[in-house]
Structure formats: structure tokens, C-alpha cells
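Two complexes, one shared chain (chain A), two partners (chain B, chain C).
Showing the complex of A and B:
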């Protein structure tokens, strides 16, 4: 019982973080139908900025957030600019473009920061939290979970209750119709990329305080985010949350009751089964509607 | 036609006589050594360390043979990919390298050394410990370390601790998988209860594994067979869950100065294999030679990666010179000379058996103690006493 409870708890915490990583990718995918394969590297870029700020100044890595956001938003907008330049088969060619940008970013980080592994030096993040005498987590994991939930909730609210958010939704729903209604689709897309940059920066700083960073991990973050985005249904924020928590819990339970090395296989199996039953994803709109 | 044939014959005979039989032995040469190593990708950290060792080996060889021979190194980044390593070997072979020094990870070294074998070029490494690598019958494959050396050290330490049960957490990569299997088998033979937990290289949260060890296995020690980032994950989870174990033990990449510096709160009392203590004092002339050459090039403290890379390259260079002196600068000649090697190096004694393995290789074990890493096993190499029982949270 104790094992099961801890496995689910760990899975939920992981899921919250996965959701934070995936939601930026889902937003851009929803708006522009572009899968940004450099998204994981943008997350990693923010993590390295947090490392650089902490190691150079000794201050709390969370205080690196404004710098991380500025840099990652700029990188995200450059990616948007380049993607927007593609005039033919944008959905396909943007995959190649962003994959290439991801490689450039990974190697750039490798050149600047070397291949060494880094994590926060602040012991506060690693201190334990114990709930009901049997559920254990590090402070940083709980923080990442809360930040993930807040980011997803905030984004959901923003998309539904602000002018810019509604503009993004309308462009996502029907770009041409939005244009006829007097909206500037390019501006809405630019907003979605900027917000994706903010979310990637949040995820990156959380990654740095919860885990260990080194240049090759950006790609695996992208893959995880991509799986959650597709599982969620195109651009669905509630779908991202449910999908991410589901993946996290499946991984936690598989590790506990079978083997950790089977956790990716288990989550992929569930992913395929969900798509088999619900081809548009958990919260995706059915074709023709 | 007959006249031409005769003149051709005479010409050939003269040529042969001048070129081989009556020529004065050549005294100088430029030897080009090839290296494929992961300077990017998931193995970039270890690949960079290995590369720095190889470069130091080349520098020392050039200093030693100055005015007589020169050694040139051609390096290609294999990006931690077996396919790219094979391409690198083929490209370097076409550019005329006479031997390879390098490579990391058994899964990469396997196909890369296969390509070197097809090109009739000898290959020396320390980066892959899978047993199968040296069992393929390659005349030119040499390895200065072995899985057994690491395994013996861990088993020896556990034996000395008189433990009754051990849990092994290991990465599902080829080398770590095999190493864990070796340790499990040896500990089972000694009558210990052994539980194993395989994990994927992408796992970031080790709490579920450690919790299983804490609540289900209830082992007396955790043995970790993986890589740096995974050790940090396991140790963080263990520090949080505080399983009732007496020791945390790891294999490579753990008992290093870098880990002591980067993760001081996690490393206290943790054991790992090590050739030399940290901070290291290079006292013998051979050690000083390496250390000074390394410091000149990199202004940094060398780890075991640099030491191994250096040793393999220097031994290869010496074998090349000996083969050259005998006019046998080919696969067989260099391999024969390498097989004659029997030397006390800065990484211990090196000699090669018929498979190209070094049967003398035995690792030592160090323990993180207040920012230092004294050697605590075997008794003959001890530079300090182990803190036992001891974990980072005790």
C-alpha cells in the first residue's frame, strides 16, 4: 500500500512537471500546427541560464527567471521568425527546421558549458517534504508541480478570458475566418510563441532545481512533450494536464511494480491505445466537427 | 619483348634490392594515430575526458621522440553514435592512420573496432568493458581495462564489509547491464541475497526504485552501476527516503574530484572505483611526466578518464616505434609489439593476453570523505580507513 501510494504520488509530481514542459509545445502546435522540435532545447537553455546565474552570483536560481525568460522568449521568437519564412509545406518543413535548430542549440550549450552535469547547489530545494508520514518528495519537486499546475491554469484562463488569448484561439480554430474578422493572425501566432517561451523558461528553471542537466537531455524532453501534446488532443490545455499526469502515474506504477526500464514502454503502450480508441487525443475535436 | 622483359626483371630486382635489402634503415617518421570519440551527444562528458588523455599521450610521445619521430593525432567526433563511429573509422583509415586510440561505450566500440579490423588497423581502448569485445578473435584489438577488474573491486569491497544482502540498481545499457550481471553472479556465489533493479537511461526520478529497496528488499547496501547523472538521481532519492542501508557503492565516474566538488552534500561516505586518491599526488617520475604534460595542456586536474586515455596512447605509441624499427609497421607488427607490453603504468600494470585484454587490471575503491577520496580497498593500496557503516544521510 505504501509503495503504491508513493508510486502514484511520485507519478503525479512527475506529471505536473511533464505538463509544464509540454504545454508550450501544445500551444504553438494548436496555433500554427507547427511541432517545435527545438522546444526541449529551449527548456534546457533556460536551465543552463539558471545554472550560469547561480554559479556566477551565488543567488537563488529562481531569481534567474527574468533573464531566462528574456533569453528564451528571444530564442522562441527567432524560431517563430524562421518558421514563418517557410512558404511551402510549412507543417512538414518546420519539423526539419526546428529539429536542426535543436541540434544547433544542443551543440551551442555543449560548447559554452561543456558536457559536465550540473544541478543546483542550493540545499533548500533538495530538502524533504513528508506528507502523512509515508509520501516523500523534495521541495523542488513539489514546487515544480505547483508551478506546473499554476502555469497550465493561468494559460487556460488567459486563453479564455483575455483578448489576446481569444485571438489565439480564433486563429487556432480558423485562421482565414479570424483574418476576415479583422484579426492579425501573425500577431496572434507571435504571441503564442512568446508565451511558449515563457513556459519553456519556467520549465527550464524547474528542471534545473529538481534534476541534473547536461546537453543531450533536450531531445528527450521534446519527445516527452510531443507525446503528451498528441495524447492531449490538438492544443488542448486540459488535455495536456490529464495526459501528463497519466504518463507520470503510469511511469511511477510501472517502475514500482515491474521495472523502471519498462516505464517508457508502458506509457507508449497506453499512448497508442488511447489514440486507437480516440484518434484525436483525449480532448481533441473529432474530424468533421 | 624478351629484352624488355629482362630489363623489367632487372629493374624490379634493383628496385627491391635498393628499397628493402640494401637500404639504410629509416630513422624518422611521422606516425598518424586516429581517434574517434564522443565529443558531443550523451557521452560527451566522458569522451572529452578520454580525448584529453589521448592528446596528453601524443604530447608526451612527441616530447620523448623529438628530433626523431613525430606523432600526429586525427580526431573525429562520433557524436556518441555507433554508425558515426564506423564512418569516422573508415574516413580516418582512408586518410592513412596507422592505429586507433579511443572510443567510448561498448555499443560504439564494437562496430567501430570491427571497421578498424576490416581495414587492418590496430585499435586500443579503455572505454568499453563488455566481455564480448575481446572474444571476436581480432588480432589488433587491445583493451587496458576490463569489466572483471571493476567487478572484482566491488565484490571485494562488499565481501570485506561482510554484508548479507545487496540491491543493485543498474542502467539498461550494454556495459552496465553486463557489469550488474557479473556482480550479481559473484555475490550470489558468496551466498548474499541480491535484488536487482534495471532502469532506463531516461529515468529522472529514482524514488520508486529506492522505495522498493527500502520497503521490499531491505538490503544492507545499494550498488549503483550507471553514470554520473543517474548516481546523482539515486543518491538524491536515497537521501530523501533514507533506506536503512550501511553503504552506497558505485562503479565508474563516481569517486572523482568533480563529483566531490559539484555534489558535496550527496557524496559523503559514498564508495566508487578509483585508480588514485583525490586530491591526487603524482609522486613517481611516470606520474609526474603525465601530470606536468596534462597541466601544460589543460590547466585542470586529471581524472581517471584522462589517465586511461594517456596510458593507452602512450603504450600504443611505444609499440608503433618498436614495430617501425623492425620494418613491421602494419597490423601484425604493431599488434605483436603491443602483445609484448608488460609495464607498470600510472594506471597499474598493463600486459595483454591472447584476446588483447589486460589480465592485470584491478580497480581500487575510494570513499568520499569530507571532500577527499582516500583509497579504502584493497588493503595493499589503502590511503585511508573506510567509514562503515556510512551513507550521505548518516
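Showing the complex of A and C:
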């Protein structure tokens, strides 16, 4: 029983972090109907910036956040600019463009930082926390979980209570109707890419303090974010949280009771089963709605 | 107020509009009529900015609107409804209007009293907090479409078959609502409609389209007696 509770607890913590990784991709898809296949690489770019700052200055990697945000927002906006240049079949052609940008970023990181594996040198992040006398986690895992929940909650609030947020929701809902209400959809899209950059930077710094980084994992992060976004129902923020927690718990349980190498297989199986029953995802709108 | 001159639109080999010219005067209601595929909605699409014309010019109160984007035209005072209502999903009826006011008005100010007044004008005040996409009947969705356009405070309102699909009683009530709105907000209107009775009832003038060309322009009663207009409705191809 204790083992199960620990597995679920660890899975939920992982899920909170996965939600943070996925939500930027979901936001951009919701607004622009573009699947940014370089999203994981943007997360990884932020992680490497945290590493560079820590290794060069010896300061806490969390303090690298402003630099990581500035760089990743810029990279995200460049991706937006290039994607926006595609005039024909943007949904499809942007897949090739962003996939290519992901490869460029991965190889850029490989050239600058080599293929070595890095993790934070600060022992503080690795120290243990005991919750309710029996549930264990590292400080960094709890931090990533809390940051993930706050980011998703903050984004949800922002989308529902600010004009820019409402504009993004309107463009996401119906681009032509939004234009007829006087909205400039490009401005709304620009905001969504900038916010996706902020979220990717947060996720990247959290990745660096919770895990190890090396260039190829950007691609895995993109796939994970994509699976969660589809599972959520494309573009749904509450769906991202539920989907991410679900994937995290499945992986946690599989790792504990079977083996870690089967965890992705298990989450992918559940993902396919959910789509079989709910083709629009957990919180997706039905076709024609 | 609105001047359309020598407008042409080609879709590949199809000439959807050929040398179309017409005007709308201040406070006038102009009906665009003609058989399906005649070019009425294409004209609307050019005026609202969803279609780029091949040739021609459109000026609205001194603005060359063909140089402006779709959202800029809204701030010039051109409002439009779609034939199939397009509410914003996940937004309430009131939120739809708030967003339209915030972004569609040049000063971007949201006036709750004005929103309530518009909702009352289109008989939607009791549904103000309802989900726009899922909790409205067809007539209400059409009313919301008009209300959204009104929230941007237009001086010219373009209504694309706003009465289509409504049963007779709802249609009459809705027509009266539109007449009241016109008076209340001193609007000019362009109305696309198939129902001749509606056109006769609402419009000061009609422009008749056939095969992408304007074949008549004038007083509704006289125009519907024009032999060429009658031929276009009976299906005969004009010489």
C-alpha cells in the first residue's frame, strides 16, 4: 500500500512537471493551429542556459531564469516569425519547419556543450523531503511540481481575466469571427508564442535542477508534450493538467511495479486507449462543435 | 458613404464578380439579391476583407478599405454577420460582446450599459450569461451575431442571410428587430436575402446580381418587375 502511494505521489510530481513542459505547445496549438515540434528543444535550451550560468558563475541555477526567459522568448518569437511566413497549408508545412528548427537547436547545443551529460551541482535540490511521514520526494521534484501547477493556474487565470488572454481565446475559437470583432489575430498569436517561451524557460530550468540534460532529450520532451496535448484535447489548458498527471501516475506505477523501461510503453498504451474511446481527447471539443 | 467601383474577383478560371459597381448612402438599407452563386456573398467577403479582389476599388467614408486589414475595417465602422452564426466558443453571450467592444471600437472602451442595451435590442438580455456556443437556439444565435456586430458600434451593418432558416413567425419578429435596430442606431445596412417579401419590407433599394454581374439597381418594386431580373430568377441565362 505504501509503495503504491509513493508511486502515485512520485507520478503526480512528474505529471506537474510534464504539464509545465506541455502547456506551451498546447497554447500555441490552440491559438495558431501550429504544432511546434521544436518546443522540447526550447525547453532544453533553457536548461543549458541554467547549466552555463551555474557552471560559469557558481550561482544558484534558478537565478538563470531571467536570462533563460529572454533567450527562449526570443527563440520562440523567431519560430513564430518563420511560421507566420508560411502562407499555404500552414498547419502541415509548419511541422517540417519546426522539426527542422528542433534539429538545428539540438545540433547547436551539441556543438557548444558537447554530448556530455550535465546536472546541477547544487546539493540543495537533491535533498529529500518527507510528506505525511511516508511520502518521499526530492526538493527539486516538489519545486518543479509547484512551479508547474502555478504556471498552469496562472496561465488559466490570464487567459480568462485579461484582454490579451481573451483575445487569444477568441482567435483560438474562431479566427475570422475574431477579425470581424476588430481583433488582430497576429498580435494574439505573437502573445501566445511569447508566453509559450516563458513557459518553456520555466520548464527548462526545472528540468536542469530535477534531472540530467543532454542534447537528444529535446526531441523526447517534444513527443511527451505532444502526447499530453493530444490526450488533453488540443488546446485545452485544464486538459493538459489532467493529461499530464495521468501520464505521470501511469509512468510512476509502471516504474515501481514493473520496470522503468516499460513506463513510456504503458503511458503510450493508455494514450491510445483514451483516444480510441474519446477521439477528441479528455477535454477536446467534438468535431463540428 | 460606401462606393464600390468596377469590382472584379476571379477564383482560378471562375469569374465570381465582373465589373461590379454600387453605392450605399447614409441611413440607406440596400438589398443584394440574386440566385445562388450570383456573387452576393463574394461582394460581402470583399467588403469585409476575407477575399481580395482582382480589380476595382472600394471606399468607405473616405477610406480606401481595400488597403486595410479585416480588423481595421471594423474600426472604420463596418460590421458584418455571417450566414452561419459564428459565436466564440467558451465565452458567454455577454463576453462575446465585451470582446467585440474592446477590440472593435477605436477607443477600446467597454461600456456595460451599452452591452445591456444591445442585448435588450436583440432580445438576448435574459441569455446574457449563457454559453454562446452551446446554450442558444438558432434565432438566438442569429441575434447574437447581430449583437456582436452592433457592439463594435458600426455605421454600416452587413447582414448575410440573417433570416435564413427561421420559421415564419420568428422571421417576422426578427425583421422587426432589425428595423428597430436600424432606427435606434441610425445605421446604414446591406442585406443579402433570398426572401423577396423581406427585401420589399426592409430595403430602400436593391441591387440584383446574376452570374457575377449587376443586372439591376433601383427601387425594389420597380426592380422586381424588370424582365431581366425575372429571367434571372426563372433560370434563363442572359444573352
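As a convention for this text, the second predicted complex is superposed on the first by the 289 of 289 C-alpha atoms of A that agree within 3 Å, B and C clash if a C-alpha of one lies under 4 Å from a C-alpha of the other, contacts with A are read in each partner's own complex, and residues count from 1 in each chain.
Throughout what follows, a residue touches a chain if its C-beta (ideal position, glycine included) is under 8 Å from a C-beta of that chain, and two chains touch if they have at least 3 such contacts.
What you see is a predicted model; the values in this text were computed from it and never measured.
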For this session: With the two complexes overlaid on their shared chain, look at chain A and say whether chain B and chain C clash or fit.
Result: fit
For this session: Mind working out whether A:60 is in touch with chain B, chain C, both or neither, as first, second, both or neither?
Result: neither
Exercise. Given the touch rule stated above, what does A:10 touch, chain B (first), chain C (second), both, or neither?
Worked result: first
Problem set entry | Which superposed partner A:84 touches (first chain B, second chain C, both, neither) | neither
Problem set entry | Partner chain in contact with A:122 - chain B first, chain C second, else both or neither | neither
For this session: Look at A:110 in the shared chain and tell me whether it touches chain B only, chain C only, both, or neither; answer first, second, both or neither.
Result: first
Exercise. Which of the two, chain B or chain C, is in touch with more residues of chain A?
Worked result: B
Exercise. So, A:173: does it touch chain B (first), chain C (second), both, or neither?
Worked result: second
Problem set entry | chain A as apex of chain B and chain C, Cα-centre angle in degrees (nearest 10) | 140
Exercise. Now for A:215: first (chain B), second (chain C), both, or neither, which partner does it touch?
Worked result: first
Exercise. What is the minimum C-alpha distance, in Å, between chain B and chain C after the two complexes are superposed on chain A?
Worked result: 37
Exercise. Chain A residues touched by both chain B and chain C?
Worked result: none
For this session: Show which residues of chain B lie in contact with chain A when the two form their complex.
Result: 40-42, 44-45, 47-48, 80, 172, 197-200, 202-209, 211-212, 215-216, 228-229, 232-233, 236, 239-241, 258, 262-263, 265
Seminar exercise, completed: Listed in rising order, chain A residues that touch chain B in their complex are 2-3, 6-7, 10, 13-14, 106-107, 110, 114-119, 123, 126, 128, 136-138, 141, 211-212, 214-216, 220, 252, 255-256, 259-261, 263-264
For this session: Would you tell me which residues of chain C are touching chain A in their complex?
Result: 48-50, 69-71, 74-75, 79-80, 82, 86-91, 95, 98-100, 102-105, 133, 148-149, 151-152
Problem set entry | Complex contact set, residues of chain A against chain C | 163, 166-167, 169-170, 173-174, 176-185, 285, 289
